[in-house]
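One chain, subunit A, links the two complexes that follow: it is found with subunit B in the first and with subunit C in the second.
Moving on, here comes the complex of A and B:
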């Protein structure tokens, strides 16, 4: 009897071990019919405005699935709300890797939440395409599993400043949020002006909790700048435009692409946003390229209750290169194959910036488009893709 | 059978052999949990244990002493940054960083306790809230502490034991949590605990019977801050990255919510409240995956609220649970527990 029990236990252990090995041979998140891809995004909390990103990705994947999927496999998309709370983001990342088993992660809004999971995802060899932030912490230094689709704040500020200096006026002031986000923008602007032989006429910073910006507006006015470049949160941009209007100060306002959702900005500035120049990390919402048209049709058909804003289709932009690399990887998808496919991309374009990845350079996007907001909340292009010369 | 014959029986740590037995069973279950749970559930357990330590500390202040605080995210931040700096930047052992973080937070707790001596009710709440916001503001402006951007915290190591996985950090956190729970239970049954309760019930009456208000109120603040600081010190390595954003007013409110939901003036309640709130916060983000009802509520919410979908549902559920508990069971989960215990004791009569 006792021997029988022992033999039973041995068989059981072998079976469990065997099952474990069989699983290990497979690729996490890939079955014969499905590829699982995850994303976190703030659907609640202070950054819920940017939650549209993760839902845009959902639309894109639905569209791909309707077209028949990728090499016969459908995409199973797992969207989780982290409320912009890094502790929750980390729980989600662990759930993705250990419970759900995702093949890759796409997008993911925010530097703080992203930083909390960056090392964990890398340790677990999860490809991560398009962290939804222009911070340099994800692709500098090169991380073998992370691919940047969002232009770095520094590069973006460089391009915007250069554009402003050449087209709008030589007296440029920089108004920024006093943290890494704002400082990376400031750095880019200073580099650009140094190359052009100029200098900022004023550098004014604002703290996240500040709400009274009258003295900031006064400082900007006294500097006599013709152009003010903003690296801010939406609320600060709205307040400073209001305060400056009160003072009768009307420079050319220029903003980073974090404020590129023109209808929202028009709404919270009560129309003052008209005329502002912003950079864009993708094609303009009303542009008539074949891909844009196709996506807008899919949007009308499958998610008409969503607004077609720049953050919504940003979710498509971040996911495009991943889908492309999955297509290139062929029928037998492995992590290595997807990574090497991504690394062969050269000036590849969907509706985002041209992407070039190599083994040592995972910051694929180095260009932005420049656009201007019209009175009716639409945007018009001022430039094609401008690339930093590097 | 539950009759107390003398005073010492009333204040025993373990009133009966049965409770001793269950305590051992609980410890064994906690020790075996990582074998079953895996990394994800251990991470969840770690968060619960950390929040439970905070909730116990906060309950000592709110539930036992009757001093409301909305500034505990501040102490939490102080603990997290102290330990992250000591073991991250200066390479000290976490075994030193942990109590150091606790005592640093306690010092700030003592300092905050002094001006709060004369404040009560809403005034006290505002003062503590101000404290919490001051702490995150200061950290945000202090580039030595990483400023607004935050700092990465390295992997833990105790002597030659690498704690890289959640299942390994789990043992450290659970050990600390058990010790601190026993400590709190011991504290409330002693002279100090009775003095705190006396202050809560009526501080004038307490002072006439010889309770030194200054001493005990500041002590309550310091002890509460100590607990929160230690929890913060454990939180830093669990998250691996801390920034002032993690310690905002919402964090303080959630802490207070744990205490109220769990049951004021109860250590068991603190733990239960922390567990419930943590699980709800984390698990409700996956509510759309529930069988049958998941897609249904998700489509209702997308259709009738806003396109955010699930976000509405999780907030509504958390909110209604809190409201329901406060209305129907003001003593929180602890009250539920006591009632059901009484019910079964007298069953079937």
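Moving on, here comes the complex of A and C:
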């Protein structure tokens, strides 16, 4: 009997103590010592090449934690593999909100997976910084909880096409994946050419499961284009370069930043990738800015087995503004404070594009850099940040 | 443009034809559609990639070792997965090959990861010859002649060797063949080995021009299947001609009608053939007398 009373008292004390703690941390995912941040990313499956993004974020958070964290709190990072399967992404988002309790999510590769959880995360008021896609579905119209760090495909294609028209040739063809991803690129290219008084000489599309692209290559060759702009999967880019080489067709190839990981592309194209112009959503991997140097050192120290490529450090780019806003929000961090801090950013820069957010405009990035792949797989800059002026 | 489309179609069609032959070899013997054909070839192609890229072997040696592996894989698959099936009926065995397809896919994914790789190949795709308005690449010519050579060799094998004749006998009448002293179980293992070998040659030829990854064989295998259906699944020349035609038809369709629906053509052909002439163009309709 007496033992029962003691146990009762202990339970009561625990309950009271628990309630006290809950009062101190009534912000989901924030305790006195930790802030929990989640990300999904394809570690397996067809898009696993892009899985490096979420691991890059891991490196960045480890680095922040080693420097002492943010206002005394360490970042607790939860990475989940969704295999690029939207159904799995949905389950992960639910786990993040209902079981783990994350303060915010960052990155998250893919338009499809992202679309599957966009509304759910918004309903649950989870801040989401840097969806890892240039699709317009995340920041158009403005969503109060989502902040875009990735330049939109449409804007990127606009800038690339303009660059190509002014510097590489007036006869431009567009070769794209026949879905939202490719079509948003196509739209941007068409707008740019219309403004410049030209038009595409050919629009050729490819379906995701296609393997044999010899007739696609022939169509491009027959169009007589001097420049071909690509909005593709890495696999298709490699095949179309190979098939065009077989036809003796050598235009200036230009690609979206989705294929900006030059060493990967050099490998799978057996060197045909040399000379290709791509846009970049961040500083070049070998650039000598102080931040880039610092990240490269951290990479050498903590994750040397990872390849230092644009997909990997994209994970850093998406997370930088979130960390900055957490710093600005101060010791008593709340969701509202983080959102308003983000909205004060004006031309803020880490290693990504300059970011400007306002209450009504959450697509922070409107610029890309243009670079060219060299014979040895390095990239050289062709431009500084180019910004759309629309 | 027309001749160029045909040349391109024949180059890829010859790869489809090899896979199609590999499927027909097994189908003829046991009426089993081997859905793991593509994945068996993919796994073996990864083995050759391992030998070439990781072990640095010369190409000819790696090719021989890979083909040996392919033979062994065929035998192992037949003995471990199909022979052990209890009360086997055709449908059950087909389901086994579907399961096997997933297992092989998983194994390759686990061992080599999902990244695309470049398979080292002695011929690059920048060497080209131009005749009139048509451009030939050295690599496509090689692919085409190797495939054609292997098809011819298979034809001769079935016609003139004892083993080939024994295989044919087993295909035509299992029981009679056994009574005549043919060890039909062994023949069945050999059938799988031969099929695996032919499929692997296709896999290696495909990997010479396309990035190597675990999904590499999915699209070619479906096209090869369409080719087999078009030619009639029990005729070797039929399957070869059917698959070559698929390559050409697809390319012409892509060139003149619509690139968007290029890949769908093959499937439309499967449905059309099964509706109109289910035995295929080259096989005589076979009626079982009771």
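Quick notes
What we mean here is this: the second predicted complex is superposed on the first by the 365 of 390 C-alpha atoms of A that agree within 3 Å, B and C clash if a C-alpha of one lies under 4 Å from a C-alpha of the other, contacts with A are read in each partner's own complex, and residues count from 1 in each chain.
The rule is simple: a contact is a pair of C-beta atoms (placed from the backbone, for glycine too) under 8 Å apart; a residue touches a chain by one contact, two chains touch by 3 or more.
Quantities reported herein were computed from a predicted structural model and do not represent experimental measurements.
Applying the stated contact rule after C-alpha superposition, one finds that A:210 touches subunit C and leaves subunit B untouched.
In the superposed model, A:245 lies in contact with subunit C only, and not with subunit B. Of the two partner chains placed by superposition, A:34 touches none, neither subunit B nor subunit C. Looking at the shared chain after the overlay, A:178 reaches both subunit B and subunit C.
Looking at the shared chain after the overlay, A:48 reaches both subunit B and subunit C. Common to the subunit B and subunit C interfaces on subunit A are residues 44-45, 48, 178, 207, 209. Residue ranges of subunit A in contact with subunit B, taken from their complex: 43-45, 48, 51, 55, 80-88, 90-92, 94-95, 98-99, 111-112, 115-116, 118-120, 178-180, 207-209, 303, 305-306.
The part of subunit C that touches subunit A in the complex is made up of residues 1, 4-5, 8-9, 11-12, 109, 113-118, 124-126, 128, 130, 135, 137, 139-140, 206, 209-211, 213, 215-216, 218-220, 247, 250-251, 254-255, 259-260, 262-263.
For subunit A in complex with subunit C, the residues that touch the partner chain are 44-49, 178, 204-207, 209-212, 214-216, 218-219, 222, 234-235, 238-239, 242-243, 245-248, 264, 267-270, 272. By the touch rule above, subunit B contacts subunit A in their complex via residues 38-40, 43-44, 47, 133, 137, 140-141, 147-150, 152, 166, 235, 239-241, 243, 245-246, 250, 281-282, 285-286, 302, 307-311, 314-315.
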